[in-house]
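Before anything else, here is the set of structures, which you'll find just below.
Across the two complexes that follow, subunit A remains constant while its partner is subunit B and subsequently subunit C.
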Partner chain A sequence: MLDVEDLSVSYGAVQALQGVTFQAREGTVTAVLGANGAGKTTLLRTVSGLVKRQSGNVSYGGVELTGLSVENIVRLGISHVPEGRGVIEELTIDENLRLGTLWQFGRQERRSVLDEIYELFPQLAQRKRRMASTLSGGERQMLAIGRALSSKPKLLLLDEPSLGLAPLVTAQIMALIQELARETRLTVVLVEQNVRSALSIAEEAVVINLGRVVIADTAASVAADTELRHLYLGF
Partner chain B sequence: MLRHLLLGAVAAFGFYILTSAISSFNDFRVGEIAVYAIALAGLSLLTGTNGQISLGQGAFMAVGAYTLGVLMTHTHLPLVVDVLAAIGLSGALGLVVGMPATRLKGPYLAGMTLILALGLPRIADKYSTFFGGDQGLTVNSPTPPGTIDPQRWLSWIEIVGAIVVLILLANLTRSRFGRSFRAVRDDEIAAGLSGIHVARTKVLAFTVAASCAGLAGAFLGLSVGVVNTGEFSLTLSIYLLAGMVLGGAGSLVGAWWGAIVLVFMPGWSTSIANSFNLGSAVGANLALVVFGLVLIVVIMAAPMGIQGGIGWLGRRALSLVGGGVPAPGAPTPRQEGNEPVGSIPSIPPPAAPAAPARNIREQS
Partner chain C sequence: MSLFINLTLNGITNGMIFAAVALGLVFIWRATHIVNFSQGSMAMFTTYIAVTLLDRHINYWLVFAAALVAGLVMGGVIEVVLIRPLRGKHALNPVIVTLGLFILLEGLAGSIFGVGNRSFPPAFSQAGLTFGHSTIAFSHFDLFILAAVVILMLGTLVLFRATNMGLRMRAAAFAPEVARLLGVRVGRILTLGWALAAVAGSLAGLLVAPTVSFSPNFMDLILVYAFTAAVVGGLDSPVGALVGGLVTGLSLSYVGGYLGSSLEPLGALAILMVVLSARPEGIFSRPAPRRV
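Right after this comes the complex of A and B.
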């Protein structure tokens, strides 16, 4: 379980997060929603160590994450797919996927991890030796998720996976995320602007506004709260 | 690995034939090419593969050369120990310099390494009793066994050194470290999020590049027979950076092209100056002008350097002959008709949840 407690982050004079508290359970998708500039991306970046917190705590499965470096947080089983895909354009698809396995696993296990990912994304398997820069937006998102999965994470942080994708591709990626959470007991924290898609696959939802948590409840009750939706989610 | 060893063996044999056939002076030049190839290959790894620009490669060469010079002047250790010490000390300095360098990028990193290139030789001037001052330190060439020409023997040592270094670097760039180097160059955040130690990777690249420079510097000292600050001016560092770009940044074969240009260009430009009766002052500086021109022309004609240009020509020739064999990693047009964009066959299409039609409406 991801446990974020009273987390505050500031960029100079700008208070990006203020006393954010929420939990994300194993095997579920937790959607983090809110308007532009609400602090959603900052929240993910703080969990994965890219941004230093001001105060508060982040822990996963009882292990304290605050103060650890990005690489060490990844090695604890926390994968972050940043906004804008986070693939290495000048490496091939295969090399991109191998990055997450470089520092762990024996040869045998590395092979089987990669095979699993190719099974999940057959069209990546067809293009193993192609440069990541030649991929389409949807394929890049798949590669980014594949790369994140290659380190066999326990917690997957996804930042706007639907950004710039066709609705059909978005729907497929959302379905994949839901399946991953259910079948592999992965904890998923999903930041999304596409509120309806996110709520449709999430069990829990956290709504953030101006760096503060407005509500943390089940996805169903957030979706049902008309006033909340009008105020913060824009539909 | 085996392929690199085979290539190395073939290259060694080729050089053996070449050096046996030519004069002693040309042996010296072939040896110099090998020396520059070592320095350029290290720089190519650092700048081309890892993306860290360095104007300090000449300074690390100075460290290697002075280590050799000081050890030869003040001790009587075998040559191998001197050379290993030169590699070790410049590598260690590369480690120290590499650590703050991990926080710098582009022009800032160039600035920091520029200070290194300007400042390090001054230390040798300052402590002239130890480092020999303007006169420099005298270095004795190794004595060849039997009746082999000393110059030829030294060239062989340098060539073998260069081939060994390039085989090691080729294996390094093909390994997981090479992949990490390229990942860090391309996107540090994505590399870090893949679990790569970004800072460590960058420091490693700096250390390897500096070690190469140290070996090259020690060899250069042996070739010239004397180590002084004049050999390791800022111009050397700039030449090395330009030579690396000329040969092809990130390409180990390109390092040889760059080295050939670096060794032969001063001679060419001097002969140009002579043929036009341009006087010695012009002749001495013409090399810089010609070098600049060559650099501009090569970059315009082949942005990936000489090696990149050769690769491009080779692929063109192949596609004209064989009807198109795409090079690995070369972008080929996507065949949109054959596969639906972004389909995930193994995943069942989503049921009720995210209905695409609704999504279109709410996004518009």
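Right after this comes the complex of A and C.
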């Protein structure tokens, strides 16, 4: 379980997060929603150690994350697909995928893990040796997610996976996320602007506005709250 | 005609040395985006270590290896002690530190090893090879220079292209933050980049020293030419360093041979001006990557 407690983060004078508290349970999808600039990306970046907190606590499975380096947080089984995907264009598709496996697997195991990823994303399998820069937006998203999965994480942090994707591709990716959570007990924290899609696959939802949690409840009750939706989610 | 051949051979040999130093600059540029002005003096320092060991009658090749290892350690330590604390600060700070280091190392070498000229025995004969009646400006030692730098280049290529460490190094260079999110200990990779750069530099120092009567500033001009080579090659490409080295070596050799050796520095300046105005990113650099 990911446990965020009273977390505050600031960039100089900008207070990006203030007193944020929520949990993400094992094997569930928790949607993090909110307008542009709400602080969603900051939240994920703080969990994975890229941004230092001002106060509060973040722990995963009882292990305190604050103070750990990014590299060590990854080694606890936490995988972060950053906003804009973070595909490394100067590397091939295979190299991108392999990179996520280097810190833990031996040669043999690495091969079988990568084979699993290629099975999940056959489009990628056909172009292993091509540069990642040749991929379309949707294929890049698959590569980014596949690469995050290649380390066999227990917690997956996704920052706007649907950004710039056609509705059909978005639906495919959402279905995949839901399936992963259900079948492999993966815990997912899903930051999304695409509120409907996110709520349709999430069990829990956290709505953030100007760095504060407006509500943290089941996805169903957030979706049912018309006033909340109008105020903060724009539909 | 024979002048042309000799100038060409001379240019190739010098170019290989520029390439080795340029490769060091490329390693550091790729890892930390710093132009390392102390690249030459680091190499000078390990060369002095080598010549000191040779004075003690230690086996030549053992000394050779020791100087390379000294470079490895020195590069790593400099990164950890001087460069790492400046990370995240203004980009100019570490460059100034490398300038300071350049002055410090030359001063230090002067006071430890003396400022007088020294000589370094060559590993192989420096007499020009003869074909029939004619002798060319290319010796067994020049052949050794060629082979050593080719091995250095091939080693680099294999490291980057065929090993997991090379994959980590490339990822850390292109996208340090993403690399960290994938578990790459980027800090260590940067240290390794500096260490390998210093090894390339040390090798160059060991290859230059026998050809000159040297003092603590003997790598200064070579650094300028290597910098020219690295810029020609685009600063971030090992292949570029090799080609840049050869282009610079050959050009300067022709300039020196046909126009007078005092014009060589001007020739380097001319090459820099032409490359920087025609193709500022260098001939072998990747075009600016598309960000999505």
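Everything that follows uses one rule, which is that the second predicted complex is superposed on the first by the 235 of 235 C-alpha atoms of A that agree within 3 Å, B and C clash if a C-alpha of one lies under 4 Å from a C-alpha of the other, contacts with A are read in each partner's own complex, and residues count from 1 in each chain.
Keep this in mind: a contact is a pair of C-beta atoms (placed from the backbone, for glycine too) under 8 Å apart; a residue touches a chain by one contact, two chains touch by 3 or more.
Keep in mind that what you see is a predicted model, and the values were worked out from it rather than measured.
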- Item | Superposed partners subunit B and subunit C on subunit A - clash or fit | clash
- A:T184 contacts which: subunit B (first), subunit C (second), both, neither? neither
- Message: I'd like to know which partner A:E89 touches here: subunit B for first, subunit C for second, both or neither.
- Response: both
- Message: With both complexes superposed on chain A, which partner does A:T134 reach: first (subunit B), second (subunit C), both or neither?
- Response: first
- Counting only touches as set out at the top, which of subunit B and subunit C does A:T66 meet: first, second, both, neither? neither
- Would you check which partner chain A:L102 touches, where first means subunit B only, second means subunit C only, and both and neither mean what they say? both
- Message: If we overlay the two complexes on their shared chain A, which of subunit B and subunit C does A:Q15 touch? Say first, second, both or neither.
- Response: neither
- Message: So in the superposed three-chain picture, is A:P122 touching just subunit B, just subunit C, both, or none of them (first/second/both/neither)?
- Response: first
- Message: So subunit A touches subunit B in one structure and subunit C in the other; where do those two contact lists coincide?
- Response: 48, 50, 70-71, 74-75, 79-80, 82, 86-91, 95, 98-100, 102-104, 133, 147, 151
- Message: List the residues on subunit C that touch subunit A in their complex, please.
- Response: 164, 167-168, 170-171, 174-175, 177-186, 286, 289-292
- Task: Write out the stretch or stretches of subunit A touching subunit B in their complex.
- Result: 48, 50, 70-71, 74-75, 79-82, 86-92, 95, 98-100, 102-104, 119-123, 126, 129-131, 133-134, 136, 138-139, 142, 147-148, 150-151, 165-176, 178-179, 194, 196-197, 200-201, 235
- subunit C-facing residues of subunit A, complex: 48, 50, 70-71, 74-75, 79-80, 82, 84-91, 95, 98-100, 102-104, 133, 137, 140, 147, 151
- Query: Which of the residues in subunit B come into contact with subunit A in the complex?
  - Reply: 176, 179-180, 182-183, 185-187, 189-198, 328-329, 331-332, 334, 339, 341-350, 353-360, 362-363
